[in-house]
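Two complexes are shown next, each including subunit A; its partner changes from subunit B in the first to subunit C in the second.
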Partner chain A sequence: MSTLSLLPLLPILGALVILLVPAAYSAAWRGIALGMTGVNLLVATTIFFTFHVGIGGYQMVANHAWVPAIGLNYHVGVDGLSVGLLLVGALVSFAATWVSSEIKSHERFFYVLLLVISGGVLGSLISLDLFFLYFFNELALVPTFLMIGIWGRGADRSAIAFQITLYLSLGALVALVGLIGLYALSGANTLDVVTLAAWLKTHPLPASTQTVLFGLLLFGFGTLVGLWPFHSWAPAGYAAAPTATAMMHAGILKKVGAFALLRAAFPLLPEGVAQWTRILAILCLGNILYCGWVAMRQRNLNLLFGNSSLAHMGFVFLGLASVSLIGITGAVLIMVAHALLASLEYALSGHIYRETGHLELDRMGGLMRRMPFIGAALVAAMLAGCGVPGFASFAGELAVMFGVWPTLPAFVVAAAFGGLLIGGIYMLRGIRQVAHGPDVGTTGGDVPCWTGRIPYLVLLVPLILFGVAPYVLVDRIRPSAALVVERALLKPSPAAPAAPAVAAAPAH
Partner chain B sequence: MNSSLLAIEFLVVVLGLGILLADLWIPSGARRGLAYAAATGLLLVLTLHGGALAPGDDTAFGGMFLVDALANYFKTLFIVATIAVLLISSGYADRLDGYGEYVALTLFALAGMLLAASANDFILMFVALELVTVTFYVLVSFQRRRQSSLEAGVKYLIFGALAAAFMVYGIALIFGSANTTNFYEIASRQAELGKSPVFVIGLLLTLVGLGFKISAFPFQMWTPDVYQGAPVPTTAFLATGSKAAGFVLLLRLAYSVVPEVMARWSHLLLGFAMATMLYGSFAALAQRSVKRLMGYSSIANAGYLLLGIGATNVTGSTAILYFLSGYVFTTLAAFAVISRVTVQDDNDDISVFAGLGNRSPLLAAAMTLALVSLAGIPPLAGFFGKFYLFKAALLQVPTSPLFLVAVLIACVSVVLSLYYYFNIIRVMYWPAQDAVDRPVTVPMAVGISLAACLAGILVVGIFPSGVIGLAHEAVAGLGTPAPEMHVQAHHAAAH
Partner chain C sequence: MEPTHLPATNFQDLAWAILLLPLVSALAITLGLRRNRELTTTLSLSAVGIGFGLSVWLFFLYGVSGERLAATPLSWMSVGSLSAHLGLTVDPLSTLMLMVVTGVSFLVHVYSTGYMEDDPEYPRYFASLGFFTFSMLGIVLSDNFVQTFIFWELVGVSSYLLVGFWYEKPAAADAAKKAFLTNRIGDFGFLLGILIVWAATGTVSFDAMAAKLKAEPGILGAAASLAGVLIFLGAVGKSAQLPLHVWLPDAMEGPTPVSALIHAATMVAAGVYMLCRVYFLLDLPAAWPAALSFLGSISALDVIAWTGALTSLVAGVIAIQQDDIKRILAYSTLSQLGYMVMAVGCGGPDAAMFHLTTHACFKALLFLGAGAVIYACHHEQNIWKMGGLAKRMPVTFWTFLLATAALCGLPVLSSGFYSKDAIFAAALASNRPVLFGIGVLVVGLTTLYMSRLVIIAFLGESRSEAASHAADPGRNMTLPLLILAVPSVSLGWLPVGAYFKSAIFPGAVTHSAEGFSDVFFEPFNHSPLGAFLGFGLMAFGLSVAFATYWGAAMDPMPGHLPRLSRALRNRLYFDEIYAATLIPLHDAVAALADWVDRWIVQGLFVRGISGGMDLFGRALRLVQTGNLQTYAFLFVAGVALVVLLALK
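Right after this comes the complex of A and B.
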């Protein structure tokens, strides 16, 4: 068994153990959850640092037949696209479990659901068989519904729980149709990306089929990421979810959709890439500009974070749409950075909500005085959110802009720069409103002891470290991104601009 | 003639008669024991079916009765479903006057299903289905003191008679044009017969009859009323055994008897499939009666299964077998919970589920698993079944883009179904003010059947390999032309 399999296995085992622990030992529930996510964090860190830098292919591969009759395998492996996400996925799981001490009812059930989400998301990141990628990702659906409904916030959380569940399932099902289409029509009778890639090289699908399948995957997985105009589930859903759920969702689950596009759609369907990237480039401006604009008008801290996270996803899509080495590397970098950033934001807002009982910006102010640690972390997170150098998100956004410049039309580039400006406006205004200014008589206090600070620090410190030394990530991402670009541009259609080919040159 | 092939059917009928006799001596308080005895007997039959009595592929009664891998697969499924239904019904015995007869009739219905799985002739098919349907008339209206149960029985009687009339008329036309009712003989002449309008109309009318059985749109109107009115164990049996009996015959017709005609009708079948799933899902949205909701859900599921019939490829038939296996476990688990939660006040309004997460966490978790599997979410059986059916349909996309449309419509239906399934989960878990704080009792027999069904959902879902292997073997013989010697033998036997 590969070390990788531990990542989904440990949390799910932990969930089963928690189910069996009798209520008399209820303190053990949280202990087991923390222990499992903690061990998982160690495993992920080991994987991150033992990963062989400079290799584009899959490492630590394990392959077991699951349903041999129809060509489905439990095939796992890690490459540059997933190694960083695995690390932050484990980090976010650990931090989310830690902050869940706020849960006071049905704790057993809560930790079981949280561990199932964690195991599922890590499982989908290591899957090289697209069936399992989908399978693991869907494990989060029911827990999300239950968590928002049982422990969520706000009177309308029931409606929101339904909205997020139905929206995400529709997206997932559309993606599933795309995946099954790939499975059924390629003739390879497998959903294993390695086999499929080799097969499709010699037996390419007709261009029209590729276009349809790519469209299904793009809008299906895109919905899971919050691609405009299929994004409206996200801010409301995160605002209604309990802290840990919002952290897992905004932090890492959301990235799985974009990750799946990089795993499946881009390398396997080059004709589809040629047809759809222009449209993707326009749609992602919807995220960057429209969602950014909406974020400016928000008067609730969580809705502000939710919309700003959609704007960041716009940059991820922009990087994908550039189909260039530096653009895709940047996109993965943003995914990693934003996982830390978004979960940090929701962890902080969770603390503020717990202490003050609301997240209305108009009733906030001077938080820095009452909660110096939380306030400082919040300022750091919000600065990272508007792309200040020194945080990992800056490196990613910069790389995406470099990638976009030569490959996409000038107005897209200009609009993306405008998006950066918008991000600066709402984040700085948010900082002024929440952290500084007169104390409006908020109640509540800071994190009382140093142990309480751990979940925030395990998210904030890597965000800064990766910002100072982005090469740690870039060196790992680059060779794998180069393979994606190479395959995505395998057969440039005559209509496609000549520029991407130039941009892809360093890949060879 | 080789009547030893009917050993299983024979044993089941004898068991039923034995129960009827024993009923005369058993005091009314101990009638539950009859269900346990019947279930144990069936367990024995199941072991024999898999072991000592496992018959090789052969025919009996002049080619009317056929034993092959497909028949054996479905027979296993029917017996398993009946055991679970009997155990569920044992917890319901107080509400069923003359419970011994209920058990015996359930066994007779099972005998009809077993015959249907082996039917190789339109006549036997009709007789088998009538045996199932006629016993169900009684099983549906078994709660004689409850008006809704009687009403459901009358409705089922009227619609069942109508369906039988359609089917028998269709069979007459088929016989008139083909001069035979044997499946093998028709299969060998399907190219010529497919051109005869009389034959085609006859076939269509037969399909209408089967459409009633599987509750496909537009022949579904009896389903919600009957599901709601019938006693819960009967509803569970209707949703699993009776539906699967319709599907085994549909499979045989579509894949073995007249595959060429069916391939021509793939658009028609897809149309029925799309209408069925949309109708079922849209109508279920507004339901408050859980049994009625399960009725509409059963319609929607018939729609997904029809996708597999429309696909007319091996993946489609395998997928139908797999899906039905998972569906039987899932539906029975759901009905086992429903039977316990609704039994106290004989009320199946969704509000009786309020607060079940606190009142009985295990039952609530079991119901959640069943509903999540019905909704088709990994890692449970329902997900892989839909995955497989969708694949079967998408394999046909090169022949017609309508298959892609049908699969996308199925996705819409699945999302709608998430709403009504998750609505029950919401009622069970969301903090509720008006929840009755009354614990739900689960008798041991019901608990065993529930646990077995849940294990089935999980095992079939997480390790589909075994069931798929069996399903593959079961459908392998479908569509291959009838062995020549058999056809000859039937002629000899007929004259």
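Right after this comes the complex of A and C.
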């Protein structure tokens, strides 16, 4: 068994154990969850540092036929696209578990669901069979809906839970249709990306089919990431979610959609890439500009974070749309950085909400004085959120702008405007309102002791380290991104053996 | 000239140490020493002090001999044709600038031990100061555009932290935010300029870029002037040029020593330094893309020169009617930065650097002197509530006076005379008589507002209770004043101008003023017109100031010229115009987006879909399901479909 399989296995095992521990030992639930995510963090760190830098293909591969009749394999592996996400996925899981001490009702169920999300996300990131990738992603999505409904904030949390469920289910469904189409029309009789890639190289799908399938995957998976205009579930959903859920979803689960596009849509459907990237570039300006402007108007800290996080996803999509080595490397870099950043933001806002009972900007001020640690971490996170160097997100956004410039310069002008100016305006106005100015509050305090700082530090420190030395990530991402670009730009060779006939048959 | 790549010799260690020492001290203070004031003081003072010592060493080892060295770079990020690293360039330009930055920073550190003595957040102050020094040194030592941009932004962040040091004070928090955002507008252009030159030359390294440009002068094609102007936009933000100058006067809300460091000698000088560093990109014949072809033969340097000249003039005029001692100095800084930028535009980056160096000394001295006055008058900043300080604060007064003389360009006895003269000479040499005229006119304005300040604040009788009890501050605050007074007077007697000429134009035949006496009388040979006109206008400004303000109880100008005075006191309404146009316009766009999001995307769209889904859900509820089950059903249905298709 590959070490990789531990990543989804341990949390899910932990969830099962928690279910078995009787209520008399309820204190153990949290301990088990922390232990499992902690061990998982060690596993992910080991994987990150034993990963062979400079290799584009999959490493630590395990491949077992599962249902041979339908070509279903338990096929797992890690490459440059996933290795960083696995590490931050484990980090975010650990931090999210740590801050969940705020949960006071149905704790057992909460930690079970949290571990299921963690296992699901990590499972989808290691899957090389798209069926498993999809399955694990769904496994992680369902608990988020339940958690918003049960432990969420605000009177309308059921309505919001319903909205996010609908949105993401529809998105997932559209993506599923795309995957089924890929399965059925390719003739490869599998959703294993390695086999599928080799097969499609010699038996490419007709351009029109590729275009349709790519569109389905783009909008399906895109919705899961919050691609404009299918974005409005995100800010409201995160604002209503309990802290840990918002951290997991905004931090890492959301990235799976973009990751799936890089795994499936871009390398497998080059004709679709050619047709859709222009549209994708236009839509991502919706994220960067429009969601940025919306963020400027928010009067609730979590809605501000939610919209700014959509703007960051716009940079990911812009990087993808460039179909260039620099752009896609930058996009993956942002995904990793933003996982840390978004979960840090929600962890901090969670503390503030717990202490003060609200997140209304107009009723906040002078937090730096009353909560020196949380305030300083918040200022750091918000500066990272408006693209300040020294944080990993800057490196990613810079790379995206460089990568996109040669092909789509006008889009870079808009993106730079959004990132440097709009982002700067809402984040600095936010800091001014929340952390600076006279202290207006009367209740609430800082984290009580140094152990309380751990969940924030395990997110903030890597965010800075990867910002100071982004090459640690970039050197890992680059070879795999190069493979994606190579395949995404592949023109079908005219001498391809009778493939269109095979592939086209089911289409008509 | 290609830089010599040497194996790890001591210059690398020196340069790395200079760069990293302030960072190490800032980190140590932030992480562990927050409660220990003595250790904080020792650590941050020695970090910058050693840095200054090493800079002097580096200067005499390599700078004066004109060597150009590049340290083995550290990797930052390398992907495709984007190869960005952390490199250090040690050449005549950077070594002298290192001395200026570390020198002024060290004196400001020393001074701050007195000025900030009673502040409860003393350690945070020194940590921020150290972080700022590190960021600034990163720009000075940078050998490529990406690194410059990184440290450029970090300078913005650290100035944000310093201006907003007293963040509980709304005015300080607002000023910090304004400074950062206004700078961001410039950075927006700067980044686009970097992208243009990177795309054209395939590199971000200054040396490689210069070599490419030398081999193929037309490599930037029709984007040459646009790239130059966009890069200049970065300097417009950092060096507070028109129309982005509005942040600097507000930034005076920060502690006064901070203003001496970042708003006189370093941060605002970074823009000018960067322009000189990449002068080879600005000095290109006019070429515009088709959409901008109406700009015709206007070159990037023309834009730069005129921006600088107008800033210099406008800021000089506004300064005449300011009453806050720091704001007068802030507008004066704008005006002098305008000079430097104008010099770059007139093809005299060496003159710009010369003036940058002298200005760093005398303006830091002026700010520190103002700080001493404010400190002595119990945080009173209005000059009309001072008066008579000359007798009570002799050290502060005399050093302030020497710096004022340097700022006004008093012939021979001040460094400013020499550096300003170099600028006038550059304007004449580039055949821009109008700019020369503006430059000389501003000498008169400078003398007018500075004499006004000195007469009202230092001479005459005390105008307030606080001023009548004022006294010179302690030695840790007066010593930096005395030390800075030396270069403020004498720097012009050294061949600094010639040094920068060979630093920026290596190998060029320079009109050389070698010996001391040559340098001493250089301006009179160099551009006698500038020297004499300047002197005449200075005398004129001085007499106007004395005639108007000697013994005046209040400013007579609002009475005589009410409209002009009001316009000047309102800083020519720049802030009001922005507050009435650009800011609400952008906010309106945001409001529109928010409205669309609330009522169209979420309202109609989502509710429409959810309405439809509701119907669907109701149908499903017939078979007893809730939301989750609906979802599970859809999922299972999908899986079933896969199996079905597979088995078909």
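Everything that follows uses one rule, which is that the second predicted complex is superposed on the first by the 480 of 508 C-alpha atoms of A that agree within 3 Å, B and C clash if a C-alpha of one lies under 4 Å from a C-alpha of the other, contacts with A are read in each partner's own complex, and residues count from 1 in each chain.
Simple rule for what comes next: a residue touches a chain if its C-beta (ideal position, glycine included) is under 8 Å from a C-beta of that chain, and two chains touch if they have at least 3 such contacts.
What you see is a predicted model, and the numbers here were worked out from it, not measured in a lab.
Novice: Does subunit B (first) or subunit C (second) touch A:Val174, or do both, or does neither?
Specialist: Only subunit B is touched by A:Val174; subunit C is not.
Novice: Does subunit B (first) or subunit C (second) touch A:Glu138, or do both, or does neither?
Specialist: Touch status of A:Glu138: both partners.
Novice: Looking at A:Pro229 after the superposition, I want to know if it touches subunit B, subunit C, both of them or none. Which is it: first, second, both, neither?
Specialist: Only subunit C; A:Pro229 stays clear of subunit B.
Novice: A:Pro389 contacts which: subunit B (first), subunit C (second), both, neither?
Specialist: A:Pro389 sits against subunit C, while subunit B stays out of touch.
Novice: Using the touch definition from the top, say if A:Ala435 reaches subunit B (first), subunit C (second), both or neither.
Specialist: A:Ala435 sits against subunit C, while subunit B stays out of touch.
Novice: A:Val413 contacts which: subunit B (first), subunit C (second), both, neither?
Specialist: second
Novice: In the overlaid three-chain picture, which partner chain does A:Met368 touch, first (subunit B) or second (subunit C), both, or neither?
Specialist: Once the two structures are laid over each other on A, A:Met368 reaches subunit C alone.
Novice: Hey, is it subunit B or subunit C that touches more of subunit A?
Specialist: C
Novice: Quick check for you: in the superposed arrangement, does A:Pro68 touch first (subunit B), second (subunit C), both or neither?
Specialist: In the superposition, A:Pro68 contacts subunit B only.
Novice: Going by the contact rule set out at the top, does A:Phe49 touch subunit B (first), subunit C (second), both, or neither?
Specialist: A:Phe49 contacts neither subunit B nor subunit C.
Novice: On subunit A, what residues does subunit B touch that subunit C touches as well?
Specialist: Of subunit A, residues 69-70, 131, 138, 142, 145-146, 161-162, 165-166, 169-170, 173, 176-177, 180, 183-184 contact subunit B in one complex and subunit C in the other.
Novice: Any idea which subunit A residues touch subunit B in the complex?
Specialist: That would be residues 66-70, 131, 134-136, 138-139, 141-142, 145-146, 149-150, 158, 161-162, 165-166, 169-170, 173-174, 176-177, 180-181, 183-185, 212 of subunit A.
Novice: Touching subunit A in the complex: which residues of subunit B?
Specialist: Contact set of subunit B toward subunit A: 315, 368, 372, 377-379, 383, 387-388, 390-391, 394-395, 397-398, 404, 407-408, 411-412, 414-415, 418-419, 422, 425-426, 429-431, 464-465, 468-469, 472.
Novice: State the interface residues of subunit A toward subunit C in the complex, per the touch definition above.
Specialist: That would be residues 69-71, 131, 138, 142, 145-146, 161-163, 165-167, 169-170, 172-173, 176-177, 179-180, 183-184, 189, 229, 231-233, 236, 289-290, 293-294, 296-298, 324-326, 329-330, 366, 368-369, 383, 387-390, 394-395, 398-399, 401-403, 405-406, 409, 412-413, 416-417, 420-422, 424-425, 428-429, 431-432, 435-439, 469-471, 474-475, 478, 481 of subunit A.
Novice: Subunit A touches which residues of subunit C in the complex?
Specialist: So the residues of subunit C touching subunit A come out as 75-82, 146, 149-151, 153-154, 157, 164, 167-168, 170, 173-174, 176-177, 180-181, 184-185, 187-188, 191-192, 195, 198-199, 586-587, 589-594, 596-597, 601-602, 605-606, 609-610, 613, 627-628, 630-632, 634-635, 638, 641-643, 645-647.
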